[in-house]
Amino acid sequence: MSVKEILEWVAVLLILFGSIVSVISALGLIKLPDVYTRSHAASKSSTFAVLACLLGAFIYFWVVDGYVSIRLILGIIFVFITSPVAGHLICRAAYRANVPLAEGSGEDELKPVLFGGEGVVGSSVDLEEGTEK
Amino acid sequence: MKETILLLALILFMVAIALVLYRVIVGPTMPDRAIALDTIGVNLISSIAIVSIILSTTAFLEAILILGILAFIGTIAFSKYIERGVIVERKGDS
Amino acid sequence: MESLMMILIGILVAVATYLVLSRNMIRIILGTALLSHAVHLLILTVGGLKKGDVPLLSQSEGPFTDALPQALILTAIVISFATTAFLLVLAYRTYKTNGSDDLQELRGMPDE
Amino acid sequence: MTIDIAIILTPFIMAALIPIFYRRLRKNMIGWVVLIIPVSLFLLLTTYIPRVAKGEVYSHTYEWIPSFNLNFTTYIDGLSLIFSLLITGVGSLVILYSIFYLSVKESLHHFYCYLLLFMGAMLGVVFSDNLMVLYAFWELTSVSSFLLIAFWHHRKASRAGARKSMTITVSGGVAMLVGFLMLYAMSGTFSIREIINNIDVISGHVLFIPALLLVLFGAFTKSAQFPFHIWLPDAMEAPTPVSSYLHSATMVKAGIYLVARFTPIFGGEMVWFWTITGVGLITLFWGSFNAVRQVDLKAILAYSTVSQLGLIMSLLGLGSVAVYLGYSTETVMYTQATFAALFHLINHSTFKGALFMMVGIVDHEIGTRDIRRLGGLMAILPFTFTIAIIGCFSMAGLPPFNGFLSKEMFFTAVLNITELNIFSIHNIGLLIPIVAWVASVFTFVYCLIIVSKTFLGSMKPDIVEKNPHEAPFGMLLPPFILIGLVITIFFFPNLLGEYILKPAMLSVYPTFPSAEEMTPHISAWHRINTELLMTLGVVVLGIILYRFLKYWSKIYRLFPKQWTLNAIYEKVITSSENISESITKRYMSGHLTHYFVYIYVSFVAIVAGTFIALDAFEWNPTNDAVIENYELILVFVMIFAAVAILFAKSRITTVLLNGVLGYSVAFFFVIFRAPDLALTQLVVESVTTALYLICFKFLAELKPERSTKRVKISNGLISVFVGATVTLIGLTVVNYDKFKSISSYFEDSYNLAGGKNIVNTILGDFRAFDTMLEVVVLFIAGLGVFALIKLKAKKGDVDIEN
Amino acid sequence: MKINDVILRTVVKGVIFIILTLGVYLFFSGHNAPGGGFIGGLVLGSGLVLLYITYDLETVHKKMPFDFKKVAGLGVLLATGSAIGSIFFDAPFLSQTDTYFTFPILGEKHLTTVTVFEAGVALTVIGTLVTIILSISEDE
Amino acid sequence: MNNLLVLPLIIPIITAVVLVFLKDHIVLQRIISFITMLFVTVLSFILLNIVQTEGILRLDFSGWLPPFGILFVADSFAMILVLTASVVTTICLLYAFSTIGNRHEKMFFYPFVLFLIAGVNGSFLTGDIFNLFVCFEVMLLASYVLIALGGEKRQLRESLKYVLINVVASWMFLVALAFLYGTVKTLNMAHIAVRVAEAGQDPLLTTVSILFLIVFSLKAGLLLFFWLPGSYSVPPTVVQALFAALLTKVGIYALIRTFTLMFPLQQDVTHTIIGIMAGVTIIAGCMGALSGRDIYTIATYNVIIGVGFILIGLAVGTETAMTGAIYYLIHDMLAKALLFLLVGMMFYITGESVVKKMSGLIKNYPIFGWIFFIVMLALAGIPPLSGFVGKVLIGQGAIEAGSYILLALGFASSIIVLYSLLRIFLASFFGETTISLEDSKPIPKGAYWSFILFTISIVFVGMGAESLAVYVKDAAETLMNPSIYIDAILKG
């Protein structure tokens, strides 16, 4: 097995690994109880999965076609930078829009700070069918 | 062999998308759906990468980057929508 | 694959039609969006699927898949985007002035 | 510019000039200026008499639309000359009369303008040889008579009468047009003379009888034949000069003219004979019968006109037998019916014109035309009385007036016809003289009514109070001229026969060798024969009936009100309006959903219907590309997402699912090797989703559909059918491989257009025009969104926005 | 209630360059690789929209005082103008020409009038996209 | 150089964009847009004459030979319609100047009108079926904006319906295009014709043609006209007039092109369906016109009747009938535009749209009233006005072909047209005048000019039909012999 072939295999396995992680994260997205925990599953695992996958693809093209794809690198960087921010924003939004924590979560210390203990915020946005308006 | 593994990986990604679709449909809250859509986008990125390998073409690599960008913009838009009901604000610090 | 795509297109069209036949503005507009998805796939499918390589000369020697439908779809996508944008704005303006998003309430007789 | 076209055009030119110069004239001068036209035309036309009497005809062709054989061919022969003389002659008298009749407060310029238009149109009708030009003038007479009838348009009855006459006569005209077109289809020419020359070729054609009936339909509506006569009494709302012009001498005679003109073409048909004779006789009877019950003088005259027109019409029908039989010494006697028709046509114009003017005078001086409020006017209006008595007696067929002569000839004709043994006349032929005789009795009765109820008896007190006096000289002159003619013609009928009627006979019977034979010597006195006895019977029975009028007039009440022709006409009109309204309202509900249902149903019905009827379905999946597992999953994802949209309860969910679909489509583009599409679809889909979200700020949350289960099921069925139609046709299309795509040409894009991305080269070069316009579309949409948002209806601004 | 967007804004400042560069790249690479005026324009437009989302109308408008309707109009004029230009050279409407130019630094480059046309397309797309989104956002 | 061909499309577009930059200079906008339309009119007249002398012109965009590139084709039929459309728009602009108001003018009213006419002209000229779709969309998008511009309740409501229905129609168009491309694998209309003929227009191709029939019927208002009465009665008068004159006619044009050029081989199927649809359209239109109580309803249903009548010409399918259809198209564009302008003006001066609530207008507005009278006669096909020649020729064609039912329906409809308009005339123009001359609103000068110009053109088309005959005959000949068109495109 030449180095090239080994690298190819590494790439393929990275991709496979990524796909497995992605399925796990999807499972997590289904199984976990509330939006915050699901966000955890989504942003961490799926970022990880996609990075692995893109890295695999990068290596593959590099090795097989001898093609160093700047776009792929850019893509990796981009996902790497933005994914956490996106996860952060969405969780914050969820929190500010009063999405309740799951049963059995620890104490919510931010609540009194943000909402002054009232727990009411005038968001006009529909969060959940049936509850809005 | 490598082909098979790649196909398997692709199938797994598709399964993941299908699973996440459940979250998009069921919810129950808006942020849930937003997160799920984001995840679908990210999974699509991976899938496109794999398809590129299978088709042995680099034509789709732009799509990967664009999808990344859009998933990001989309998520931001969503989060603003959820948070404030408005996506583009008229004035600063409103 | 073509047959499968046709069935998928048929289902999309059926769903879209059902949406278009509903009373709510948003559903109808979504129905038109689905219709356009369906027709884009349709144009692609009738051009033949997987019959060749990506239509980029730098990437392969051919044969290539039919590039013409792709160009047509591109044009169609842009046009449907333009229409949808206008339609959405029109819909919400109508909602705001008429106070209803139910097309049944928006009937109005032609000679009122 | 030769004289014949000048004759037709002069009235039009004058009519066009009136609105320009009328302000410069004193109001009472307009009429005098206008009078010049018909008088000079009349004089001009009289110069034709001797020449036409010699058998000359004048014809000129002016090109109008030669490409479609629409040429302006004028044709002056005996028949048209009679009519043109009537038109201009009576026209002159009517204008003279109207100068005194109409007050200067009326909008005289309108009146004379319409009248000239009408005169020109009538002249056009009788002088045209080309069917289309004839039709053009024919409709123009309808239009101008509409304007004349509606002259006092502030009166409701005027408008209604005008509308009725226009609707009926134009409908007839349209039918006639179809008949003309059929004639054209058979003969290949629009020229009446050429059609007559080719009559053998066309008479066996399938369209011959339909064309005949359609042309007759036109003639009958115009000439107020039963059951289309209903417009004529209503048209009496027009000013009296108009009635006397249109309804005695000109417009209603247009149908007669048409029948006479077409006798050489259609005359040989049994249908022609029976339709014209039958309808004519029914009209004759019905008109006279109904005239008796009227109380308005003008209405009596209207019905009497209807009846007299029926008489002339039936005579033309009787005369057509000669065309069928062809020329022989025996058949010549049947042409006398036509001769009588033409003779009576002139006679009728003279006495009916005079009578209308008489009624005008009564109306003008006394202020009413209701015979129940009139009586004893003989003393106040002696000249008018003279007019009335001469006119009425002539109409009733008494000597020494011209009506007697033509009435006798009419009886002769109806008696002659019973001896014929064609067209199964022997079965019911005896009815013809009976009906004719009975109708004459009623004619006599209403003539008596006119004279006695108006002028005899005692004067009503309210009339005495007004202290009316005889009409001015100008108003009396025209009717006196007509009355003079009535008497003159009685004493010198053969002058008329020789110079005017004889050439016309040749026009009606072009195949007959000589006009001499067809011109009988008219004599006031011949030996005692059946005709004379019939006349005597008319007088006796007429007087009896008049005496006992109040006893038998009850029979008029036997006719239920709602079954009069007028009522039926009104009912048809209103119910057709109401039915259309209810049907239209039913399907034009304003529901967008309904409209979509119509569209989709016709889509499925017509497209799938054709598809199945032509048995076009074919499916052969062997050539399909392979299906990979992951593609299958993606397909299921899409189906899931699509179906889920149907059940989604919040709008965000639906939009997100739509986004999922869009992304999946993009992924299909990836799988199917379309990178540009994938990129575009991704971006567009995201932007669209963002747009949805932005617009949601202004929109309401989804509500559950509140439709009934039935609606849902039917909608569902429609959707399934639409989807199935697309799928089935699509499956067939995919297998259709008769042709190679033109796009292989584009694969050479680098050499052709210097681009390696084929799709982009197509967009930027091969089909750049599409791209350019697509950019324009985008621009319009952007601008439109901007304009739509910025331009809002002002508050409190009612919908008056032009 | 003030919500601070420090994290977002910081990240966007960096990311926006990637996006805009990508847009320009896509625009130019269109002739030989996926991309082109339309996609390039869309990506650039999306980048601008991202700015509007992260900041707000006024702030962005101060930095970029364009009337985007006019930008779009300019784009249409450019596209149609490049098309109509060929008329004056007695060539069929919309005819494109291309030449190879040697630039000092970039080396030999393939230049076509298609690029002008595509630039028009891109400008229109940017202008329209931003116009639409801004118009709606400004609506009361 | 054939480049002239593109000018009827590109000049309005460029002018429209330039006008966007002149947003607030209303007078300048007016002048420029008017000059532009005048120029386009003159140009299309010149082109029409060139087509006469030199035969069918074509312009291959970017020089790509058919069937690969897009091209514009000018035959007499297309050019006649382009010319008429330009004339109508020019005159309507005159009306707009004095009535549309500053608010609209500042909101790009003139650019949208110019875009509309560009799309219309493009649809007439294009020789590529997909490009036809794109031109349709240009026209439709402009029409969407024009119909909604103003933002009133009723207007928005009806425009929403209009837009949605047209979006679905466009979708059907795309489906039809997909099927067409999937079968004949080409987009050039002449090339499609060749290939369809090669395949003998087999059942599948006929089905596809029927799909096109549905699509264009929706645009033309043939049978599927439900959207029309509502949406044609809400926008400002000028827009109504433009719509009535242009939009349905584009659909009719497309129908005629499709079934004379591309799919002429299965006439017993296709033309029978068209005939039935035309017949039903006429009946429904007549019922609508009879049922109408207000001027807008009556006017819009008259549009529908007109559509049915013209398509009788297509359904009958003889050369005479086709000649008639073309004449009638010209007439209908002019007369319907005028009718809508008049009806709008009635509403403007009285503030009423119900027939019975107006009375005696002719006293204060004599010219206005008489022009209404003339257009009424013209629409009823009374000679020698514009409707006559077309009516006669269609009738002749129907008799030649033996389509007596259509003949009867068509001619009966003209009576209903007359009756319905007569009702307006008698009730609203005749009768007691309720408003004194001093109190009545004056009609703007520009409006009068547009009325008079339209009237002149109507009279001209009727009286001077001969001067058009060369063009119309040529157009009909080309339609009946598609090989002329095909040869001009593919050979040479």
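Note that the chains are named A, B, C, D, E and F in the order they appear, and that numbering of residues resets to 1 at the start of each chain.
Here, a contact is a pair of C-beta atoms (placed from the backbone, for glycine too) under 8 Å apart; a residue touches a chain by one contact, two chains touch by 3 or more.
The shown structure was predicted, so the numbers you read here are calculated from the model rather than taken from an experiment.
Following the contact convention of this document, B, D, F is the list of chains adjacent to both chain C and chain E.
Most remote from chain A, judged by the distance between CA-atom centroids, is D. Taking the mean Cα position of each chain as its centre, D sits at the greatest distance from chain B. Set side by side, B-E and C-D show the greater C-beta contact count at C-D.
Annotation: 10 Å between the Cα-based centres of chain A and chain B. Our note on geometry: chain A versus chain F, Cα centroid distance of 56 Å, whole angstroms.
Look at where the CA atoms of chain A average out and do the same for chain D: the two points lie 79 Å apart.
Between the CA-based centres of chain B and chain C the separation comes to 21 Å, rounded to the whole angstrom. Among the residues of chain F, those touching two or more other chains are numbered 13, 17, 20, 61-62, 130, 134, 137, 141, 144-145, 148, 151-154, 160-161, 164, 168, 175, 178-179, 182, 187, 229-230. Multi-chain contact residues of chain B (touching two or more other chains) are listed as 10, 13, 15, 17, 27, 30, 34, 36, 55, 57-60, 62-63, 65-66, 69-70, 72-73, 76-78, 80-81, 83-88. Residues of chain E found to touch two or more other chains are 3, 8, 15, 18, 22, 26, 32-35, 38, 43, 46, 49, 69, 73, 76, 80, 83, 93-94, 96, 128, 132-133, 135-138.
Those residues of chain B lying in contact with chain E across their complex are 59-60, 62-63, 65-66, 69-70, 72-73, 76-77, 80, 83-84, 86-94. Only residues 63-68, 70, 132, 135-136, 139-140, 143, 150, 153-154, 156, 159, 162-163, 166-167, 170-171, 174-175, 177-178, 181-182, 184-185, 207, 576-577, 579-585, 587-588, 590, 592, 594-596, 598-599, 602-603, 606-607, 610-611, 614-616, 618, 726, 729-730, 732-734, 736, 738-743, 745-746, 765-770, 773-774, 776-777, 779-781, 783-784, 787-788, 790-793, 797-802 of chain D touch chain F when the two sit together in their complex.
Per the touch definition, chain E reaches chain D in the complex via residues 26, 30-39, 42-43, 45-46, 49, 69, 72-73, 75-76, 79-80, 83, 93-94, 96, 98, 110, 112, 114, 117-118, 120-121, 124-125, 127-129, 131-133, 135-139. If you check the complex, the residues on chain C that touch chain D are 1-28, 30, 33-34, 37-38, 40-42, 44-47, 49-58, 62, 64-71, 73-75, 77-79, 81-86, 88-93, 95-97, 101-104, 106-110. Within the complex, the chain D residues that touch chain C are 585, 588-593, 596-597, 600, 619, 621, 623-627, 631-632, 635, 638-639, 642-643, 645-646, 651, 654-655, 658, 661-662, 665, 668-669, 671-677, 680-681, 684, 687-688, 691-692, 695, 698-700, 702-703, 705-707, 715-716, 718-720, 722-724, 726-727, 730-731, 733-734, 741-743, 746-747, 749-750, 756-759, 762-763, 767, 770-771, 774, 777-778, 780-782, 784-785, 788-789, 792-793.
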